[in-house]
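Below are two complexes that have chain A in common, paired first with chain B and then with chain C.
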Partner chain A sequence: MKYSKTVLLLILSFWILASEKLLACSSCGSGAADPVVLNPLERQKLYLGLSVQSGFRDFDHRGELRPDYGPEQQRRLEVAFAQRVSPTLFVSLDGGLGENRRGSRVKHGLTDTTINSRWNAWTQDVTKPWLPQVQMVLSHRFKTTRSVQDAREENYLDSFGAGYDETFAGTDIWFGMWPLMFGGSLLFSKAWESSTKSGRLEAGPSRKAIATLGFMPFEEWKLIGGAIFDRRGAIRLDDHELPESDKRSQDLFLTWESLLKGTDNFRFSFVKKGAFGSHKNAVLMRAYTLAWLRTL
Partner chain B sequence: MLKANRISVLGFLILLGACGGGGSDSNNQPGDPAPALGGVLASGVPPGFVAADSQAFAVAVTWEKAPVALSLNNRAIVRFLSVDGLDIEATLTRFSLYHATMGHGSIRESEMRFTQLEPGVWAVDSVYFSMGGAKSSWVVDVEAQSAGRSGKARVSIDHEIL
Partner chain C sequence: MNAMKTILLASSLIFAGFAQGACLTLSVDELQQRFAGQDKTLVFFASWCASCKKHVLPERSDRAIFVASVDEPSRAEAVLKLYLGQKADTAICVFDASGGIAKRYGVHNLPQEKPL
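After this line comes the complex of A and B, so read on.
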């Protein structure tokens, strides 16, 4: 038993040490940031992702779990396109279609549209593996569809968006030259005031921290996973702060992605929202995403 | 190489720790959200009543029975007094639910029916909660007119909505 454990550890260590270096980022595939990222030599990339979200329950402001009254299942078809504009900068556009289900009732609608940009402030160098890749992220999500604010259908079946514009900015640090790669992202957001039937709504600012670990168990396949720490400040309605309306959740993600050269690639992600720790005004659910990526 | 691995793991753990800490979380001492937006407690306002932002009236909302989500069988009684606690006549103009901790309203508000029971007392029928919530997570914005003055008050719903 003792020997088999040692052999297993040796095989695993060799496997990790023999793997290729991974050019990626800490938020890639986490589901918490832009879904399509260009590697240094790529000029354009198309992304098509189909996700299924289910198992919804709500954490209230006391952190207690409650039944969810929204859709039992959400499906999302996400389309994104990334374009390089300079050797160190690329932009992407992201949108899609949604389907909300509860029992036999189904509703479809467009999802919000997001424009993203990533600037490589520091690129990794094999001769200096202790220096990470540093990317600056700037995104803006447009309110382009109906949300829980103006929903008319029972169980919010016609709600597909956030209900307000939001701008995200942050940094993504990735140590991708080590056999066992790791990194972290810190994204801050400012939600813009939105006019709702209840008044002028301003969601609180958010802070999203992502910690990621990754390696390549097989040639041209990468496995990354990590944790997302999501915080959002209190909501303001007509310039009054709503007490106990701040949000907190901790999520886990695991992504398996192919890195095949000269052909299409695939990515499978699993995200568990509300996975560990204490939560507040948050959602518990699981999401599975299968995505197809084509470098043009 | 093993050293490199150790550095990787150590670095990851440091990042994990850095990401997990901090924040301005406030449910270490969980409490009921106090009513906000409009409703202010003025001196002289009777217990259980909330003064309107304009001081045109004070209002209390009671429920015939504990309200339930996804049902139109919810009935509220809205009682108006002056901010000094005197009987007044008032016209209820709006009764709007809001999930204050989640930040959104309810639906089917057009199906609500207002009935004046006596001067200063109204019944609101067919009140629809689009989801459940802990005690005080739902609030109701009451708008009314009294003696030619209009006002708005936010009243907490002190029931758990199931």
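After this line comes the complex of A and C, so read on.
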């Protein structure tokens, strides 16, 4: 575990040192990854997002819908800060506060913290619109708060995190020079082993594919939407794989984002988790997020 | 000595003339000194900006200084050729390599226009 984190830090350091040359257009919007993206002219950006999640139900291992015994409504205040490190690389840090509600009972807590980096391997060019922007993504989420595995409150009301560290790596491809923009991301993750009251738990590796369409009806705003295909391997508890514990879900998202010329912009997102297709050990819910972004 | 100065001055004027159509690399101070007193509009653009097409127009090239922000000179020049056609040869283009000009004029997004 310690060795793997050292490797991760070395990879991050290499990226920072390796990306000495030129630009980036990070204005793609696959929506479901890190919340703050810098365009090449931006050096720093602050993000404040308020989301409400509700309508929770669970898909079991057969794909049948069951009542959810967790919170009926979750609210999240997400704070993120992005910093450009070089013309082609930026990093961001995000975390926040959560509120879980069920009936009249309410609990508050901190959410997990994530550090993200995006490196532009290839930047878009209007004279060559058939060549996409290619970004490499590397993120690490730290276990910073209580999860369902070690919840003390009934209905997991005091659970605000995943319960384990997880490292994400992948690529993001975006054809943004056409009237109808499109692209996709492929993100893989490795979850790190975590000690829980049930034993040593290790969530399976995940694979997230995101297909995105974008449209700019006006210069000042864009609309993007798409689908997220999420897969996760089986859970291991004390080195034994739990049968039928792998996960599968398909989600939909729609995002409206302003592109105003000043320093402030706004984003409104809608996500429907468990939206279509067959699911396994997944959650059905809807989330609305209103975010404010300030370029510093 | 005076003859040397005259030659240097003449050379710089000739090269400045040739430089029109190709992007000049200037700092913000150099930009303001060079075009001081002229009624020019800075049109910020880049090869990575799809919607800059509406602002980089041939009919505006007489009064515009096209500022290529955080871009490669060859890419910015290719964009001017694409949008301005023959006017690209006479248009004034400034290459803002570090984004310093954009920063001084408070430009965070493209496309954008600012008076000089």
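Details
Definition applied: the second predicted complex is superposed on the first by the 265 of 296 C-alpha atoms of A that agree within 3 Å, B and C clash if a C-alpha of one lies under 4 Å from a C-alpha of the other, contacts with A are read in each partner's own complex, and residues count from 1 in each chain.
Heads up, the rule we're going with is that a contact is a pair of C-beta atoms (placed from the backbone, for glycine too) under 8 Å apart; a residue touches a chain by one contact, two chains touch by 3 or more.
Source: prediction; values computed, not measured.
Once chain A is used to superpose the two complexes, chain B occupies space next to chain C without a clash. Contacts of A:127 after superposition: chain C is touched, whereas chain B is not reached. Within the superposed three-chain model, A:196 lies in touch with chain B and out of touch with chain C [touch as defined at top]. Of the two partner chains, chain C is the only one that A:216 touches; chain B does not reach it. Contacts of A:295 after superposition: chain C is touched, whereas chain B is not reached. Once the two complexes are laid over each other on the shared chain, residue contacts for A:237 go to chain B alone; chain C is not touched. Once the two complexes are overlaid on the shared chain, A:97 sits clear of chain B and of chain C alike.
By the touch criterion defined above, A:259 reaches chain C but does not reach chain B.
When the two complexes are superposed, the chain touching more residues of chain A, out of chain B and chain C, is B. For the overlaid pair of complexes, the smallest distance between C-alpha atoms of chain B and those of chain C rounds to 14 Å. In the superposition on the C-alpha atoms of chain A, the part of chain A touched by chain B in one complex and by chain C in the other spans residues 129.
For chain C in complex with chain A, the residues that touch the partner chain are 46-54, 69-72, 75, 78-79, 82, 99, 102, 107-112.
On the chain B side of its complex with chain A, the touching residues are 1-2, 4-5, 7-9, 11-12, 15-16, 18-20, 23-27, 30-34, 36-37, 69-70, 96, 98, 100-105, 107-108, 130-134, 137, 141.
Those residues of chain A that touch chain B in the complex are listed here as 13, 16-17, 58, 60-64, 66-70, 129-130, 148-149, 151-156, 163, 175, 178-184, 186, 196-199, 201, 203, 207, 209-211, 213, 227, 229, 231, 233, 235, 237-238, 240-246, 248, 250, 277-278, 280-281. Interface residues of chain A facing chain C in the complex, by the touch rule stated above, are 22-25, 39-42, 87, 123-127, 129, 133, 176-177, 216, 219, 259-261, 263, 295.
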